[in-house]
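Common to both upcoming complexes is subunit A, partnered first by subunit B, then by subunit C.
Right after this comes the complex of A and B.
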C-alpha cells in the first residue's frame, strides 16, 4: 500500500476507478453499450499512443508541441500512398520513416542548437501543418476501403473479439514501454537525464543521444497513432490532429508525469488518456455541447495537478 | 572500515612517474586568461590540496583534467599518454571521477539506481537485457553501509532523502568501488556539519592510502593542511605555490593566499 501511494500516478489510478464506478452507476446502459466501449477504446488508443511518445519527451525535461501536426502529416502521407495504390505495409514503413526523420530534425535542432524544445516544436507545429496544406491543396481523401480491408490495416484498425485492435496495440506497446522505462538500462538513463542532466553526464550518460531517442519515439508514436486512426475510419481532412498536442500533454500530466521531468509512468499516461476520453464520451452522451469538453480538459488538468501536488508533498514523509 | 577490503589496493607501488602531468597549460576566453602557463604533476597515492581564492583557476584546472574543456595551449598527460581529445567520457574511461557538491546524483532516482547509473548490471530474460535489480539492491546496500551510511537508509528509497553529508559519502563510495584511479573532490565539505566534514575528510585520507590520487579543492587552508601531502596554491590563473605539507605551516600558506588577493592590481606579477 505504501508503494502504491508513493507512485506518481496514484491520483489518476484512483481518479479512473472513481470515474468508472460513477459512470457504471449513473448511466450503466449507455456506459456498457458495445458502441460506447468501441468508441472509448479506439479514442483512448489514439490519444494514448500519442501521449506515450509525449511521456518520453516530458520525462527528459523537454516538450513536443509538434505531435498534433506530425500526426496529421504522417497520417496524410499514409493515406496519400494508399490512394496511389502502394501496398499497405510499404506505405506504413515509408510513413513511419518519415516520422523518424521528423523526430530526428526536432531533436537535432533542440540538442545541437541548444534551443528550447517549446520553441522548436512550436515551429514544427506550424511547419508541418502548413506542409499539409501546401502538399494537399486543402483536399485529402481517406484510406480507401480496399486498403482498409488489407490484413495489415486490419491488424491496426480492425477488432479482435470485443476489443479494437488499436486498443490492444496500446496495451501491448504500453507494456513494452513500461519495461523499457523501469526494467532496462535505457530507462534508467532516460530518467537520470530528466532528473538532472549534468549529473547524468558526469556518470557518462550520453544526454544528447537519450534526448534524440525520446524525440524520435514521440514522432513515431504520433505517426503510429495517425495510421491506427486512418486504418479504422474512412474519411479525413487537412485538420487531422489539430489540437492533439495539447490533449496529449494533458493526458501525460494528469497521468502523474512531472513537467519538470524524471518522474512518471506509462500506466498513468494511458489512464490519463482514458480519463479524458471517457469523460468526453459521457458528455456527448448526456447531450452537453461538444465545446464544453475543452473547458472540462482545462478544469480537470488544474484539479488533478493540484491534487497530485498535494498528495506528493503529504506522501513524501510516509 | 570495510572499504579497504572491497577493492584491490595498489599502495606501496607509488612510482616516480606522475599519473597526471600538465605542461604549460593555458586557457583563454578571448582576452580573458583563465589559466596562464600552469605546469603541475599529480602522483598516484597522493592527496593534493588545491587551494586558492575564488576565480584563481582551480575549477578551470579541474575542468580540463575532467575533459570538460580543452586548453588553448599546453599539454596534458595521463599515465604517460598525451591527451589528444578532451571529452568527459574519456576521463571517465580513464578512471577519473570528479565529486562536486551539486553534481553527481539524480534526486529522482533511488540510491541503488544512482549507484549503478551508467554501469547497470543486466540479466538476460528471453534474450533481452533486463536490469538485475537484485544485484543492484544488494551490492549498493553493502557498499553504502560499509561507507558508514545509516542502517535505516533503504537503497530503494529516493536518494533525495539522504542528508548532504550522506550524499557526499555516497558519491565517494561509488567513485571508489568502480575502481577509479583519480578522485577529484571539489569543495566536498561545503554546507556539511562538523561530524560529516570529519567523515568526508577521513574518507579522502583512506582513498589516498588505498593508492588513489586524490585532488582536494577547498578554500579552507587549515582543514586541508591537516590531511594533504602536498599543497598547490593557485592565484589569478597561475600556480604560485607547490610545496609538501611539511615544508610550510598553514599560517604561512594562508599568508600567501591573502597576499595573492592583491595581485590583480599589479599586472602579471603573480609569477
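Right after this comes the complex of A and C.
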C-alpha cells in the first residue's frame, strides 16, 4: 500500500476508481451502454497513444507541441496514399516513416541547435498545419471503403468482441512501453536524462541520442494514433488533430508525469487519457449544459492535478 | 419592414448594375484593395472568393486585389493580419465582422484614416446606428440561413418528406464565431414556432473529438431527431455517428435527419446520396466580387449601396440539387469537386 501511495500516478489511479464508481452508481445504464463503452475506449485509444509519445518527451525534460499537426499530417498522408490505390500496409509504412522523419527533424533542431523544444515544436505545430492547408487546398478525401475492409486496417480500426482494436493496441503498446521504461537500459537512461542531464552525461549516457529517440517516438505515436483514427472512422478533414497537442499534455500531466522530467508512468498517462475522455463524455451524457461542458472538463482536470500534487507532497514528508 | 424591402431591392439592383457600368469604367485606375478573411485554404469556400476576385481583376486591369486570410476564426490571429493589411495603406478593405466589439476600434481607425471598408460574409449584427461605420455589407444573413433552413425542414416534414422534428441539436465546431451563433439562433427561432426545442453543442474542429462529443450527447438525448451541422464538413461526421448508433440517418420519414449549410461538395453530395436533408447557398462568388466593385465605385465616384446587399440564403434540397452540383463543378472542376467531397 505504501508503495502504491508513493507512485507519481497515485492521484489519477484513485481519480479513475472514484470516477468509475461515481458513474456506475449515478447512471449505470448509460455508463455500461455498449455505445458509451465503444465511444470512451476509442477516444481513450486515440488520446492515449498520442499521450504515450508525449510522455517520453516530457520525461526527458522537453515538450512536443507539434503532435496535433503531426497527427493531422501523417493521417492525411495515409488517407492520400489509400486514395491512390497504394496497399494499406505500404501506406502505413510510408506514413510512419514520414512520422519518424518529422521526429528526427524536431530532435535535430532541438539537440544540435540547442533551442528550446517549446519554440521548435511550436514552429512545427504551425508549419505542419500550414503544409496540410497548402497541399490539400482545404479538401481531403476520406479513406475508401475497400481500404477500410483490408485485414491490416481492420486490425487497427476494427473491433474484437466488445472491445475496439485501437484500445487493445493501446494496452499492448502501453505494456511494452512500461517494460521499456522500467525494465530496460533505455528506460533507465531516459529517466536519468530527465532527472539530471548533466549527471547523466557525466555517467556516459548519450543524452542527445536519448532525446532524439524520445522525439521520434512522440511523432511515431502521433502518427499511429492518426492511422488508428482513420482506420476506424474514414472521414477526415484538414482540421484533423486540431488542439490534440494540449489534450495529450493534459493527459500526461493528469497521469502524474512531472513537467520537469525524470518521473512519470505509462499507466498514469493511459489513465489520464481515460479520465479526460470519460469526464467529457459523461458530463455531456449526464446533462451538463452542452455549451458548458468544456469548462467542467477544465475544472475536473485542475482538481485531479491539485490532489495529485498535495498527495505527493504529503507522502514525501512521511 | 415595409421600408426595408424596397431599400434592399434598390441595393440589389445597384449591385446588379455594377457589372454593366463596370465595363464603361474599366480603365487604368490604379487601386489596391485587400480582402482580409477568416476563410483560408482550409476551407473550400475560399475558391469562390479568390476566383471571383480574379474575374474582377480581369475586368478592371488597373486594380490589384489581395486576399489575406487566417485558417480559422481565431480572433487574435485575424486581428493581427487585419492590422498588417491596414498598415500597408490599401485603397480599400473588405472584412468579415467576426466580432463587432473587437474589430470596431481597428476598423474605425482605418476608416478615419481614409481607408473605405466594406463588410462581407459576416455583418456587424448590432442595431443600425451602433454599427461600425463601414460602407455596406455584402453577404448572406447568417440568422436567415438558420431560420430559412429550419422553416424549410418543417415544410418538408409537413409534406411527409422528412420526420417531424422532436428536438434539434445544433453541432457547432467554433464557439467564438458570431456567424455560426447567428445560424443557431435562426434555427432555434424557426423550431420555436412549432414548439420544438434546440440545443447548441460545441463539438470542436477535430473529427475524432467531435464524433466522441456528439456520440456522448446523442446517447443521453434520445429525443433528438435532427442534427443541424453549422459547417458542411462536419455533416459526414454527424451522419456516421448517427449511423453507428443505429439511429437510421438515411433520409426517410423516421430516424435521424441531418441538415447543414453551404453549397460545398460535402453538402450537395450528401443531399444527392440521401444522407442530408438540405443545405443553402449564401452566394460566395458574389461575396468576393461585389465588395471589390463597391470599393472601386466608391473610390472612383463616391457611390455605394445605401443598404446591405444580401446574397443568400437560397435553400437547396433534393429538388434542385442536380443543378447546384453542375454549377459548383463549373467553378471548382470535376476533380476539385471529387477532392472536396469527404463522404
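FYI, the second predicted complex is superposed on the first by the 307 of 318 C-alpha atoms of A that agree within 3 Å, B and C clash if a C-alpha of one lies under 4 Å from a C-alpha of the other, contacts with A are read in each partner's own complex, and residues count from 1 in each chain.
In this text, a residue touches a chain if its C-beta (ideal position, glycine included) is under 8 Å from a C-beta of that chain, and two chains touch if they have at least 3 such contacts.
Given the structure is predicted, the values throughout are model-derived calculations rather than measurements.
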| item | value |
| --- | --- |
| Partners on subunit A (subunit B, subunit C) - clash or fit | fit |
| First (subunit B), second (subunit C), both or neither touched by A:238 | second |
| Which superposed partner A:30 touches (first subunit B, second subunit C, both, neither) | second |
| Touched partner set for A:268, first subunit B, second subunit C, both or neither | neither |
| Partner chain(s) touched by A:198 [first = subunit B, second = subunit C, both, neither] | first |
| Touched subunit A residues, subunit B compared with subunit C | C |
| Partner chain in contact with A:184 - subunit B first, subunit C second, else both or neither | first |
| Lowest C-alpha to C-alpha distance for subunit C against subunit B (Å) | 35 |
| Subunit B residues touching subunit A - in the complex, by the definition given at the top | 88-89, 92-93, 98, 100, 102-109, 113-114, 116-118, 120, 122, 128-131, 133 |
| Touching residues (chain side subunit C, partner subunit A) in the complex | 40-44, 46-47, 71, 169, 173, 175, 199-202, 204-209, 211-213, 215-217, 219-220, 233, 236-237, 240, 245, 265, 336, 338-343 |
| Interfacial residue positions of subunit A with respect to subunit C in the complex | 30, 33, 35-36, 39-40, 42-43, 46, 129-130, 132-134, 136-142, 229, 233, 235-244, 247, 277, 280-282, 284-287, 290-291, 293-294 |
| Subunit A to subunit B touching residues, read off their complex | 179, 183-185, 188-189, 191-192, 194-196, 198-206, 262-263 |
